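Each of the next two complexes has chain A plus one other chain: chain B in the first, chain C in the second.
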Partner chain A sequence: MEVLEAVLLGVPVTLLVTVAALALGAVLAVPLAAARRSRVVPLRWLGRVVIDVVRGIPPVVWLFLIFFGLGRDLIRLEPIEAGIIGLGVISAGYLAEIYRGGLSAVHAGQWEAASALGMGGTDTLVRVVAPQAFRVSLPAVTTYAISLLKDSTIVSAIGVSEILFRATQSARSTGAGLTPFFVAAAVYILLSAPLAWLSRGLDARLRARVAR
Partner chain B sequence: MSAVAQEPAVVLDRIHKQFGDLVVVRDVSLTVARGEVVAIIGPSGSGKSTLLRCINLLERADSGRVEVVGRAVEPGAGVAGRDLAALRRSVGMVFQSFNLFPHMTVLRNVSLPQERVLGRSRAEADARSRQLLERVGLAAKADTYPSRCSGGQQQRVAIARALALDPEVMLFDEPTSALDPELGLEVLAVMRELAADGMTMVVVTHEIHFAADVADRVVVMADGAVLEEGTPEQVLRSPSTERARRFLSAVVDR
Partner chain C sequence: MTGLLTSWGEWLPRLLEGLVTSVELTAASLLLGIPLGLVLALLSSSRTRAVRWAAIALVEIGRGTPALVMLQFVYYGLPSAGLSLTAFVSAVAALSLTTAGYTSEILRGGLQAVPAGETEAAGALGMSHRDTLRFVVVPQGVRIALPSLMGFAILIFQATSLTFTISVVELLSQAYSIGAATFRYLDVLVLAGLLYLAVTIPAGLLTNRTERRLSRHL
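Then we have the complex of A and B:
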């Protein structure tokens, strides 16, 4: 019981880190995806390099760089802030590629029709293409969100007191062996399953309304 | 053809378009009078769709001049945003693949461009949309999504959507090619009515009967050039070139 309580204390922190990092990534991914699809070649190239670098560096290295590098010398960052920024930046790289895939999945005829109707580029993107790209991207975004939820355990490495951190502490202090980790595993399943169900239901409904 | 026309609705002057080394349209000139219905027929790959798309600048001709209701542009030399907007406003287009917006209801499909392009209010746009949906026989479908409509219905919605912007010229790019013959008929019926109401229309089509009955003029294209041009009787009954004769016998004697 003691173990369960200890692990549950980490749930709000895990959720905060996951949701905040996902939100940060979702926003930062927009300019990255735009750069990847730009007509300007150097911009396209830059977008690609940024995405590859962001995804190529292991998450834990990102966290150390941000927390011990940036966080100590330039500005003071709390571990949780550094964790959110680090996972947010990594998410931006992955989400940008997901957005890009969603945008290319929208039939070229949609751009043409809007253009023939006299609608401008931004209008077409916002009103016509992006809503459809969103529908196509949703399953991939949810899958990413679920894996981010689990990967957020990594922020325990810089001392953020999320689920794994609490479980480790509990294992050490109570001598309960593996029990705290089993509890943590169950909690993760309980957190991620609803997300997966929700996504499947939504996907089926939204998919009917995409041109292909 | 009603001969009241002052300035022509569309003038294409020596339009040339190539993709890489492939010349798709070779110095084609074509004038369409106001209220005239011109059918462009010809084998696949003859450049007829590309020529049509050069009219509303979905394809930019490499050289030549495009003039629509008196406003001229030279796409090869660049097109000012204002000219492009004006041109797109006066030309409506219907595609082979309908291209309705699948995430919006039929009504929103017809209303959204009016709001964004003409600045009409939602209420004004919806009123106009319902009127046009009535006209194409789809008033009852206003609140359904395109995926719940047949191809013929979707194409009629697409026609209503284009008409809602009050264009002076309507372009049709093989509007019935993706449809079952029966569903094609309901689209052709709408187009006939439109022609009878005096709309200027340029129609790329394989529907020879439609061309014969409705068009004021038939243009036969092959290999990026105009082979024949004249009234449907002249062109369809007694084509003067061997290439046109071969193509026509393939579509007429089917």
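Then we have the complex of A and C:
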């Protein structure tokens, strides 16, 4: 019972880190995806390099770079801030590729039709293409959110007291052995199940509203 | 700038030593995890319901549990159940389980992508079910799954950095201890990041090339 209480105290922290990182990533990913599809070649390359670097370095290494690297010398960061920024940057890399996939999934005829109706480039993107791209990418985004929920365990490495941090702590201090880990695993499964269910439901509904 | 390069030169041997450990961990986890994943993939389409359910449960546990939870569970949890493993062995055990969970889904996709006509043709030629799997379905299924498996291998290589938390002396752990000794965390962690990139970016390019080459024949 004590173990359960200890682990549950970590749930709000895990949710905060996941949601904040996802929100940060969702915003940062927009310019990245735009750069990736830009007509300007150097910009396209820059976008690609940034995404490859963000995704090529392991998440924990990013957290250490931000928390110990930047946090020691340049700006003081709390562990949870460093965790959110780190996971947010990584999310931006992955979400940018998801957005890009969504944009290219929208049929070229949609651009042509909008232009035949006399709509400008920005207008077409904002009012015709982006809403459909959003519907196409949402299932991929929820899948990513589930994996981010699990990846958020790594912020325990810089001392954020989320679910895993508390489970390990109670395993070491109370001698409760395996129980805290089973509880932690069960909590992660319980948290990700509704997301998975939502993703499956949304997928079918949203796909029906995309022109092909 | 030259000061930074001199320090990098000084630290590089230790970091490379760590990188070798990371690569060894990756190789060991893949060598144990992928065959286990293949077995689980085959069992999860077994005709016996109990076997099928057991295999699916194992896969879901392997995929659903974060790699870090698996690591901490094996290293800090199992000793209380009477099983103490060294850090390196714990790391291999935990990462292999994660690998098995993910690759079994990848391989299942590959096996299902083999056209049913192949199995029927093998049956018409009088091949047994086992021989059909071994000589017809598995070789082609693995080939189809190869690019995804390579992509997953890159992810597992990145995940080896998590074993730092159970005191395996791999690349991140070496970088961190150099940082703790010199208080130059940023400098040494940037070099560590570059070393990770030196593996993951070429590996990513190779994966893309393999994907293009293999899809030519489909």
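Everything that follows uses one rule, which is that the second predicted complex is superposed on the first by the 212 of 212 C-alpha atoms of A that agree within 3 Å, B and C clash if a C-alpha of one lies under 4 Å from a C-alpha of the other, contacts with A are read in each partner's own complex, and residues count from 1 in each chain.
Please note the rule applied: a residue touches a chain if its C-beta (ideal position, glycine included) is under 8 Å from a C-beta of that chain, and two chains touch if they have at least 3 such contacts.
Source: prediction; values computed, not measured.
Residue contacts after overlaying the shared chain place A:R36 against neither chain B nor chain C. By the touch criterion defined above, A:Y188 lies against chain C but remains apart from chain B after alignment on the C-alpha atoms of chain A. Judged by the number of chain A residues each one touches, C leads among chain B and chain C. In the superposed model, A:R127 makes contact with chain B only, not with chain C.
By the touch criterion stated above, A:R135 is placed in contact with chain B alone, chain C being left untouched. Residue contacts after overlaying the shared chain place A:R166 against neither chain B nor chain C.
By the touch criterion defined above, A:L117 reaches chain B but does not reach chain C.
On chain A, the positions that touch chain B within their shared complex are 107, 109-110, 112-120, 123, 127-128, 131-132, 135, 208-211.
Across the complex, chain A meets chain C through its residues 52-53, 55-62, 64-65, 68-70, 72-73, 150-151, 153-154, 156-157, 164, 167-168, 171-172, 175, 177-178, 180-181, 184-185, 188-189, 192.
Across the interface of their complex, chain A is touched by residues 61, 64-66, 68-69, 72-73, 76-78, 80-81, 158-162, 164-165, 172, 175-176, 179, 183, 185-186, 189-190, 192-193, 196-197, 200-201, 204 of chain C. Looking at the complex, you find that chain B touches chain A at residues 56, 58, 85, 88-89, 91-93, 95, 97, 99-103, 112-113, 116-117, 145, 147, 158, 161-162, 165.
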